[in-house]
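Here subunit A shows up in two complexes: once beside subunit B, once beside subunit C.
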Partner chain A sequence: MENLINKLQDMFAVKDVQDSKKNQILLTVKASKVPALLSFLKEFEGFKVLVMISSVDWIEIGKFQLSYIVNDPDKKNDLIIRAFISRKEASMISIHSLWGHASTFQREIKEMYGIDFPGSPRVDEPFLLEGWDDTPPMRRDFDTKKYSEETFFPRPGRESNDPAEYMKKRLYPDEK
Partner chain B sequence: MKNNLTSLLNWNTNRSNYPEMDADGNPIIDLESQKFIKVWQGPNHPGVTGNMSLELTISGDEVVDSKTHVGYLHRGFEKLFERRKYIQCFPTCIRMCVPEPDTNEYNLAVGTEELGGIEVPDTAKWLRMLALEMARLQVLLRMVPGQAGTMGLGLGSQWGMYYRELILDRFEELTGGRIYHMYILPGGVRGLMPEGFDKRLLGNLDKIDGFIADIDKLIFSNAVFKKRTIGTGFIPNDWVDHYGITGPVARAAGYKRDVRKDYPYLFYDQLDFDYNIAQESDVFARFEVRRQDLVTTVDLLRQILAKMPRTGDIRATTPNVLHWKIPKGETYVRVESSRGEYGFYMVSDGTEYPRRINLRGPSYTHAVSVLEKLLVNSNISDVSAIMVSLATCPPEIER
Partner chain C sequence: MTEELKDNNIEQVEDKFLAPENRKHTVTGPEGEIIHVDPLQDYYCNERPKAEDPRNKIVEKFLNWARAESLWVLGFGTGCGSIEIPPLLSPRFDAYRFGVAMRATPRQSSVIIISGYLAVKTLKRVIRSYEQMQNPKFVIALGSCTINGGMYWDSYNTINRLDYYLPVDVYVAGCMPRPEAILAAFDKLKTRIKEGRAEGANEYVEKFDWYKANQKKVIKNWNMPDYNW
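Moving on, here comes the complex of A and B:
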């Protein structure tokens, strides 16, 4: 893996290289270089399996992290490639031409984080949420409690009571 | 009259160019032409897989286009994890896959231990292996005959449920729970084997041996089953890496892929077993691989019981789990589930709460990208058989 990392540092200026564990390396690369890097790894270095694409919201620094995990099934190595994009202009180059299932991951990330992947097949179709028009739900600033209170409570005809008092009132109305 | 009838019956069997495709490779489907109809399979619970629907476009009895729709089981687990401490994620994460919850527990535990720098005692590792293999066994006992159930051969499924119950009884004894076990927690496991447990489990395994012989006669020798599964749902070899296919589906296409062998975890390197491989890559081959997996799992359980220590530490010393700050870091952990590689991508930001836990289940590709392509040009009556042969589990797609 050391030779490979040296090569990637020369060719794609990868940085923050860390050993996550045995046979698994984390590295960071500029977002614009991700498709070229993944293509190189797939065609020339044996990383032919895309395990997953994931996203992390770092709201405090105003960035989204996209993580591409690729695997070399022959040498049993993993690479976790991280790229950071701006939260304000959340858009990333699609890699659907490299792997058949990449478009599914991208479609889900578009829905859950609002990160666009222009050109990715069916990227604008809803994946889980039909007719969702609120903030993308996996963003850190989406307030789940507020959303559920506004959407589901209070329903007409529904009242809430303190269980102890309510039972006392029903079962022993005369007791003080 | 006779000639007309013959020409009607001898239709052109080469359907690969039908319907016509546009320049982007999408089928040209005009519903107004009355040559096509839309049929929805699901989202009711079909029995083995879970709530998911397939939007099928049919011409005659042939599927010409298919789209997977998920979201009927979405409970926002990954969002919930971000608001919970690691130990609070532990009883939540198991709900992400109902048939085989133990793989979730294991991944969460191992990910937390890797990021937190905890080493687990050996006895706990053996017990984890025991729980994982028992979980695999109970899934396969339901899934192997369940494959025949999709074609109307329901008897095997009924028998399978009985033998699955035997393993669930053992789970109840070991963990207190039948379906959700909450046994493998960060730092170790919750308890040792109760007295006499191994004898009862071995007795169950002997019964299951007899059951495997029975399903060989009932299903493998069944002409209807063979005729309907051989050649159905064929997955070409080049799809395996292109779509990230794993587990029994990849092994049925001749690929040696098994996390237990490729990335040995726990003490799997001390056990004697091999990849179960087939070459044909159709529904029958996948069924055959799972049947072999069933035999292997029974054998592995016997090996584990013979080798594992009966006493010893089962929990490592961890910080107070309610105030446990996990150091900043990222990891991807994987385990071999009955359906294939099952992984967690975990990111910690140095606080008591996980920043991100993302599940990558085998169904994510099998039931969406692969199934949508695989169903095209298949017969509508084979749809459920193909879907089950890919071991679809919708909760792990939508989390």
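Moving on, here comes the complex of A and C:
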């Protein structure tokens, strides 16, 4: 793995390399270099399997993080490739031509985070939510409690009393 | 034939993923008449539902007894409670001895069990199944999720109270209720039916507009007919 990391630092200017576990390495790369890096890993280094694509909303720094997890089934190595994109114009290069099933992950991320992947097949169709017309629900500025209270007819909770005060009121109603 | 189909439907974007024989097309009849065919359209009754008036008291009592003793349950599981239904039918709990049997289609069943949380997407299917069931029909709701949302009370995608969308006969509290509790619920439902108090289907008809308004508030892409029967 060390040779590989040196190579990647040379070729793709990889930063923030961390050993998170045995056989698992995290690294960060510029978003525009992700497709090149992934295709290099797939074609030359044996990382044949795309395990998943996930996303994190870093609202404090105004960025989305996309994590691509790729796996080498022969050497049993994992690489987690992180890329940061701007939160305002959330758009990323689609990698569906490398792995076909990437389009499903991208479709889900489009729905849940509103990150666009131009050219990815069926990316605009609803995946889990049907007819959603609000902010994408996994964005952190979406207030799920407020939405639920406005939409789903919340049942009013039980009234609760402080036992001491309640008994005082009940037994000695004249005292204050 | 197929070329003709393609010419007719080349501009219809929503047909893009359909096989050619499932698209809208025209067929020429034996006498030269042209028939428009939409293979995916469901044909439904366009009439509002009607409440059923109670019959003669004695007849009604007999019918209620008969209804209570053969409850046919629609095999429809939502959420985590659906895993409690199979042991209900296994030898240990054996719901068959109470006249409870599972059915595969809504047309044959009289009870629908809402077993746990309901996502909006599932609610749409539940409404559709419920409306296709024959009268009289009963609803059992399991778990705290159907009562007040349970642990999903602030979720963006699960409903909080089932009785705003369907008339519920029996609620079973718990997270999740065990099969014994479901048997108790069937017992309760039986007594309700025998007393003539399980009039959920008629209640649904009487407050039909209110139910529809609530359902349409939640289900934003209402792309099904208003009357699903």
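By definition in this document, the second predicted complex is superposed on the first by the 153 of 176 C-alpha atoms of A that agree within 3 Å, B and C clash if a C-alpha of one lies under 4 Å from a C-alpha of the other, contacts with A are read in each partner's own complex, and residues count from 1 in each chain.
Going forward, contacts are C-beta pairs under 8 Å (C-beta built on N, C-alpha and C of every residue); 3 or more make two chains touch, one makes a residue touch a chain.
This structure is a prediction, so every number in the text was calculated from the model and none was measured.
*Asks:* Regarding the shared-chain residue A:R170, is it in contact with subunit B (first), subunit C (second), both, or neither?
*Replies:* Touch status of A:R170: no partner.
*Asks:* Kindly classify A:L128 by the partners it touches after superposition: subunit B alone (first), subunit C alone (second), both, or neither?
*Replies:* A:L128 contacts both subunit B and subunit C.
*Asks:* Could you look at A:S148 and tell me whether it touches subunit B, subunit C, both or neither (first, second, both, neither)?
*Replies:* Once the two structures are laid over each other on A, A:S148 reaches subunit C alone.
*Asks:* If we overlay the two complexes on their shared chain A, which of subunit B and subunit C does A:P137 touch? Say first, second, both or neither.
*Replies:* After superposition on chain A, A:P137 lies in contact with both partners, subunit B and subunit C.
*Asks:* Determine where on subunit A the residues touched by subunit B overlap those touched by subunit C, and list them.
*Replies:* In subunit A, residues 126, 128-130, 137, 144 are touched by subunit B and also by subunit C.
*Asks:* Going by the contact rule set out above, which residues of subunit C touch subunit A in the complex?
*Replies:* 120-121, 124, 147-149, 153-161, 164, 214, 217-221
*Asks:* Flag every residue of subunit A that touches subunit C in the complex, lowest number first.
*Replies:* Per the touch definition, subunit A meets subunit C at residues 126, 128-133, 137, 142, 144-145, 147-149, 151-155.
*Asks:* Help me check something: in the complex, which residues belonging to subunit B touch subunit A?
*Replies:* 70-71, 74, 76, 78-79, 82-83, 114, 239, 241-244, 257, 262-263, 329-332, 341, 343, 345, 347, 355-356, 358, 360, 364-365, 368-370, 373, 398
*Asks:* In the complex, go through subunit A and note every residue touching subunit B.
*Replies:* 20-21, 23-24, 26, 48-52, 54-56, 65, 67, 69, 73, 76, 78, 80, 82, 99-101, 103-104, 126-130, 137-138, 140, 144
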